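In this document, chain identifiers A, B, C, D, E and F correspond to the written order of the chains, with residue numbering beginning at 1 in each.
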Amino acid sequence: MKKVITFGEIMGRLSPAGYGRITQAQSLNITYGGGEANVAGGLAHIGIPAEHVTCFPNNELGKAATGYYRQVGVDMSHTAYKEGRLGLYFVEFGAAMRPSKVTYDRADSAFANLNPADFNWKEIFKDAGWFHWTGITPAISEAATVALTAALKEAKAQGLTISADVNYRKNLWQYGKSVKEVMPALIAQCDIIVCGKADAEDILDIVPSGSHKSGWHDICAQIMARFPNLKKIINTKRGQISASQNTLSATSFDGSKVIKSDTVEISQIVDRIGGGDAFMAGYIYGNLVYGDEAKSLAFAVAASALKHTIEGDINLSNIDEIETVMGGDITGRLKR
Amino acid sequence: MKKVITFGEIMGRLSPAGYGRITQAQSLNITYGGGEANVAGGLAHIGIPAEHVTCFPNNELGKAATGYYRQVGVDMSHTAYKEGRLGLYFVEFGAAMRPSKVTYDRADSAFANLNPADFNWKEIFKDAGWFHWTGITPAISEAATVALTAALKEAKAQGLTISADVNYRKNLWQYGKSVKEVMPALIAQCDIIVCGKADAEDILDIVPSGSHKSGWHDICAQIMARFPNLKKIINTKRGQISASQNTLSATSFDGSKVIKSDTVEISQIVDRIGGGDAFMAGYIYGNLVYGDEAKSLAFAVAASALKHTIEGDINLSNIDEIETVMGGDITGRLKR
Amino acid sequence: MKKVITFGEIMGRLSPAGYGRITQAQSLNITYGGGEANVAGGLAHIGIPAEHVTCFPNNELGKAATGYYRQVGVDMSHTAYKEGRLGLYFVEFGAAMRPSKVTYDRADSAFANLNPADFNWKEIFKDAGWFHWTGITPAISEAATVALTAALKEAKAQGLTISADVNYRKNLWQYGKSVKEVMPALIAQCDIIVCGKADAEDILDIVPSGSHKSGWHDICAQIMARFPNLKKIINTKRGQISASQNTLSATSFDGSKVIKSDTVEISQIVDRIGGGDAFMAGYIYGNLVYGDEAKSLAFAVAASALKHTIEGDINLSNIDEIETVMGGDITGRLKR
Amino acid sequence: MKKVITFGEIMGRLSPAGYGRITQAQSLNITYGGGEANVAGGLAHIGIPAEHVTCFPNNELGKAATGYYRQVGVDMSHTAYKEGRLGLYFVEFGAAMRPSKVTYDRADSAFANLNPADFNWKEIFKDAGWFHWTGITPAISEAATVALTAALKEAKAQGLTISADVNYRKNLWQYGKSVKEVMPALIAQCDIIVCGKADAEDILDIVPSGSHKSGWHDICAQIMARFPNLKKIINTKRGQISASQNTLSATSFDGSKVIKSDTVEISQIVDRIGGGDAFMAGYIYGNLVYGDEAKSLAFAVAASALKHTIEGDINLSNIDEIETVMGGDITGRLKR
Amino acid sequence: MKKVITFGEIMGRLSPAGYGRITQAQSLNITYGGGEANVAGGLAHIGIPAEHVTCFPNNELGKAATGYYRQVGVDMSHTAYKEGRLGLYFVEFGAAMRPSKVTYDRADSAFANLNPADFNWKEIFKDAGWFHWTGITPAISEAATVALTAALKEAKAQGLTISADVNYRKNLWQYGKSVKEVMPALIAQCDIIVCGKADAEDILDIVPSGSHKSGWHDICAQIMARFPNLKKIINTKRGQISASQNTLSATSFDGSKVIKSDTVEISQIVDRIGGGDAFMAGYIYGNLVYGDEAKSLAFAVAASALKHTIEGDINLSNIDEIETVMGGDITGRLKR
Amino acid sequence: MKKVITFGEIMGRLSPAGYGRITQAQSLNITYGGGEANVAGGLAHIGIPAEHVTCFPNNELGKAATGYYRQVGVDMSHTAYKEGRLGLYFVEFGAAMRPSKVTYDRADSAFANLNPADFNWKEIFKDAGWFHWTGITPAISEAATVALTAALKEAKAQGLTISADVNYRKNLWQYGKSVKEVMPALIAQCDIIVCGKADAEDILDIVPSGSHKSGWHDICAQIMARFPNLKKIINTKRGQISASQNTLSATSFDGSKVIKSDTVEISQIVDRIGGGDAFMAGYIYGNLVYGDEAKSLAFAVAASALKHTIEGDINLSNIDEIETVMGGDITGRLKR
């Protein structure tokens, strides 16, 4: 099977044990995560060859992060190393009505200061069939946008399927260009995007035209009209009961109709960070293995739900577990 | 803003990790707590100047406890140190139908044996506007009662607002005097008390007169008649679904009418010890900042609910978190 | 009171902290467990004299396991030690829709290779009144079956009450004999068995005769007809809402009528391993202390439910906790 | 082999991990220890039947401590349980020039308030051949002294060998009697005592007469003259290089000559608490198994040295390890 | 006693447990440290009133760091909070021939971007008698240098004793000015400096003139000639046997003669970070309490040596422990 | 650079934290190790492309072990997975005179039962230049020997350098063949062996002929005479001061002369397991990078010494650290 390639920043993630606050913590657990690398991690874990391309500082933390993704089987062989720091984020886990809280300390990382010439995309994409990126990467720095643009050009040239989670984060985008200047040209290269209502407005200035009720079908139609290369627009929906309990579902629009997945309830959340990335990995898996949109969505929602029960950013759920949930069984019966 | 002063014993709190029992434990987590100091801690954490007055043994544990409250910003500068031991309590955390369990080992502590002359209340109350105590202090020892009596006299003289959680604990009161002999004279100094139905009977021999239905309005009226200095009687109500799930609400009586807060559901309890103290801190905050009884109650209930998601005795919830819950939002949506 | 004797293998149990997966773990918690020893542990913990008979490897792990059961008061004085290994099992704890997962590594253990001559049953049963075994033991090896057969013969001779959890595990039974060849002769010695519908078919080829609706009464009647020594057939029922939430109930058939317990909800599962063994310990306790079948069932279900809130295989719930739940109170109100 | 009986208080021992100070600690490790029980623990661990007699509070901590000693095989079947608290001590581990530090919180424990009538010494000593006590017990309380006196009387009557570590702790002895009033009558019952130069002066007012050089032989002669029942006086010597490095040796006086052990160097101390108790257990083992004074001393010193490498109060060194060191090999060669 | 004021950056310190490498770590312990704040911490811990002035990001980590120093009693009441990040450093602990390793991630911190106008030095120095700074602060940023310059001017005006550890770190000094441009004017304000041979050359271009043997006396004379305000030049010397074993000594030059301390051996290093800061705190303590240079040096070396046995940056050794080592006793005898 | 290939069993390694004994442990740290894989791990860590070939059970533990070696960069792409168990070993860490202790539970592992046909050596060796094995592999089972024999044949055919650590473990070799029957034919294929005096006798029946003094030169000459393909015989020497302190050195014989390394002292041992494997990795590195025998030996001894300060089986020392020690500097000076 051809490789899935992802590109983006990986950060160190530091969090107190249990439900502790940072002001109380005497130790912090360390794992590593990034929205794109988590997709590669989720895929590699269930047997899809996947490579993540990134830039790390050439220090202990960069080496530790490399090893972390290598451990789940992600090919890290085109990692660039340079002077600088590893971006960090701090997570406090909430419960009941107390939200989990993410504090970023990612400015001026080695990735933000990457040298686009360090990535030989022609060689990177040699055995690849799919390229996935997110809207976080062009938000980080000019250099990251340059590298991503080059990647997209080469991926297109080699005929890869291109997907993106457009994911607008307004706290990023500090380097002088706005999301609306940068993103449209990048989205134009894509076959598949994950995009919500707010993203459509924030990134593309697209709002539902007056007459439509919920408006989503209409928004999708406008997006597709603007980006003729696009084949699918995916939307995920989270029902927020409490910090400990959520529901998940998703829809896919193919230019004419909307397919909707079942809603899965997550009755006890262990760690929701990376839930969206697990969805994406599941959706790519579905495309590569099932080639059926409804099954792909169902697998993706099940994978995302299970991620909420896994510690760390990467979905370490196994195929059989995902397929059980995909089949509607959320009873979690003991396995011996 | 003028300081809030609290006075009472602080104990070491030892508990197994997770849901372990003490008979299984190879290590115990240590924090420090006391019903009055927790109020000062909760206030200091949200920016209200607060000082706690206590007596510690002059050993490592006394120093550790001093540092613990100092860390959240409580002024500990009038702490008395003397020979003796730190009172301790052991907590096992329950789940589902298994209750959490508190075992006290507090007898003969440095606090119980305090020297009332060690506290110069005139100086302690110099920049203060509020004094808070609880019914635990006069239950501990004659010496504690003498010190508290002196404190109340001076607080009254200096015109401070005086509040108390009357909190009858029948396992204490071992030093020869009964709660009914001691408490009425102390309550007589108060402007505000937290008092439940059982407390009213156990401490004041007040029961609802026959004709009244729920009886609470009637009990309050009797209490106020007896203590003309009293301006508010607060009552909190806990709905006990399981060790993992509770509901909270509160009422306030001002001599004529009862104001009732909304009921907040706590769907996953992390640590309920100190929930009542968090309520009191929230209520004092409301009085000092909002000056509106309904808002004060709502803030207090929200603060108390959030405390149930925090590890340790002190409510480390932030203002924005409390205000979100106070506004009715208990969905715990992730914050980035 | 006369001793309860149990006989069977004890394994080391290794599990990641929290909800971690084994592939992520840098440390594993170690406890020890076995379906029969857990019954002895649960009984000893609530004051019933209990002895467990087993065979351990004469190494550090065998000694550690001996100490583990000794710590809760189980008499381990007839433990045989020989060359070999301790059987192990690895547990990952699930949440919500993710199941807990048990991986066994128990082949060729010191227990499987035990020497039946090492157990002097005459002496072991000297002060005993009850003998309990499970269907796991004869599934392990020929040697284990020989030892169990000898034990049953002597227990019968000395007039002990004999109980068994017939517990068919199809992954065991690798030594050349089938469950249907071996078990009937062993069940024939019993006074009381725990047996489910599937067990009846898998072990005894008994299925409900056509006309009966739910069929359970009919299955029981067939079993009793075949094993005239049997006085009670117990069945437990687990309602599987999620990996975090279950319900429990049980029935008892005495040859004529079925008694049914109330259903207890477990709203937050901490560790469900050993829940069935806690039931059995509770049922034996009920028989010895109450001598009333309905109360015995209620106590057993309550004990089993509480076990789900306890870390480790052995039920460390106290009598007062079990009796509270048995009385219908699952509110888990804090105890001071 | 006849049992060794020990009698004395067991406390909970709480210590920060590593070299942490209590003022820094967020968790404390808990084990249990007592100077006499540690002797029983060390003996039981190497196969000598041993029982410890004590009084515990009937709460979770008392049960936990019972289980802790039961785990190493100490018979705890004559434990008395009563209202009260478990004595505690807090240990900070030092390194290099920083001493380890022990803080006691043992006043008013269940043991100190024991009821002497709870101990039926006649029955306790039934299968026993040796009774060991320490000077800590009569220092605790009048009640403890009464119980010990009764024990000694019965032990003498039944012809047991009686040993004591006279161990003067000046911070104890708070109950109104002095060590010099109480101890001589108790020492008079002994066959063997461990006693140092300072103990001889503090307890017995015995100092070397002027003409003798080192004085030890002379002190021993005076002690023996005063207590004609005494057969051996043992003295241990610790060379204090640093908190991380010590040396150990011992002497035995039998009325005429002093036998001296080799000096063993402990090059890396893990935990020295209980080192003296490990010596005593080793010496009793030597008496029971070797019956040779020089070998008993060598075994005792080796056992004590090894205890310094073991975490917790009880010496968990194995026979083969002790015999290797006793044979002069302290190279610690890896065992596979 | 008048307060000691320190000024400088505090960073978060993250390190694996034990001797783990960062590439292996699943959790990192978190403490907080800074070369100047550690001096305040060491002083506050032994009873000298001390305040640290710094700038923190107004996030969870800034609050945690504030609490950390508040816990040991440092006055943090003039802390400035602003947007930005907390500087971090990562520590791996070495052993034997493997060095400990510090990796900095401190660029662009809230402190580096501080606003000099946020510090009202007139008010800060109101009750102060001593001001201490280090060469790290002017190396961080222009803004930090401006703030420090203002502080020194005001300290001088108010007649405080001024000390500095000149501490040249060549990896800092990235903001466009060189150490040689900036430091001399700052040193000129000082009464006391800690300065080594390499510092003298790197910062001041001072090397020993040819004829002098060891040269140190001569270097000091040159420094004093250049900075007539200087009263003392202190030098510390570390003997590096291994990562686990060091020796320490120090000298003081007063313009005419060199006083030399004894050399203290540290036979087992627990954590050497902050050893120099502990020296400085000890030296200031000596000046304030003893007023004797030789005793001040001895106290400072003892304090520094003991810091090597303490976990974390701040010296938590107690007065009695320091005085014992100062008196030449490094045997670390157990304290009960 | 061409790859180094290693082949052999990897086991799970379980050990208590600190210096705990297994009988005390409530949790065990888990890492993974094997004498051959550790060589690949040590090489990959310092940049030499390395692949390990093994057979794992297809369960959670097999996957965890795969990830563990993948994390340090070992290519695991030819791992065979089959039914079965992962071999385990348990380690207790000793200190001072108490030895570390290894207990194996490795019988009947998936590796022992491997299918030789699962390894396509032609493809495995495609980009390889070196093959390393140890005497442990042929000791495990007939199947392992068959696979190794095939590997050696193909490695020889492809012209790889072949090295072996002959490493006789008498507790293995249980499958019916003796070391003397099996090993000579395997050694005959080697270019380089690590072999000690005892190995020479146990495996090859070679003892020094009478006239030679130390005998080692003579033994080597006999070995070389018997195996004409051999180019180097390496011997390592451990000086055993205590469990906490060792010395290391090595010699190399090339048919005519013996080269001897310096002796390196390890003053504080953290974890000595894998020390020999780190030596081998260092020696291979030296051959590939330096091509100088004396430097290779020095690098190997330095690498092995540093491994003793690293937690886990794999040497995670960095090149610069090894080269510093190789250059004679064991002072472990702090790196910033």
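Please note the rule applied: a residue touches a chain if its C-beta (ideal position, glycine included) is under 8 Å from a C-beta of that chain, and two chains touch if they have at least 3 such contacts.
Bear in mind the structure is a predicted one, so any value in this text is a computation, not a measurement.
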{"item": "Subunit A to subunit F, fewest steps along touching chains", "value": "1"}
{"item": "Any chain in contact with subunit A as well as subunit D", "value": "B, C, E, F"}
{"item": "Subunit F against subunit E, contact positions shared by both copies (same if over half, else different)", "value": "different"}
{"item": "Euclidean distance of C-alpha centroids - subunit A vs subunit B, Å", "value": "46"}
{"item": "Whole-Å gap separating subunit C and subunit D, where each centre is the average of the chain's CA atoms", "value": "41"}
{"item": "Multi-partner residues of subunit F (at least 2 other chains)", "value": "21, 23-24, 26, 67, 72, 101, 268"}
{"item": "Subunit A - residues contacting subunit E, complex", "value": "14, 17, 21-31, 59-61, 63-64, 67, 85-86, 88, 90, 92, 101, 103, 105, 107-108"}
{"item": "Residues on subunit D engaged by subunit E in the complex (per definition of touch)", "value": "18-21, 23-24, 94-102, 104, 169, 171, 240-245, 268, 272"}
{"item": "Parts of subunit D lying in touch with subunit C, wherever the complex brings them together", "value": "67-68, 70-73"}
{"item": "Touching residues on subunit C, where the partner in the complex is subunit B", "value": "72, 264, 266-270, 305-306, 308-312, 316-317, 321, 324-325, 329-336"}
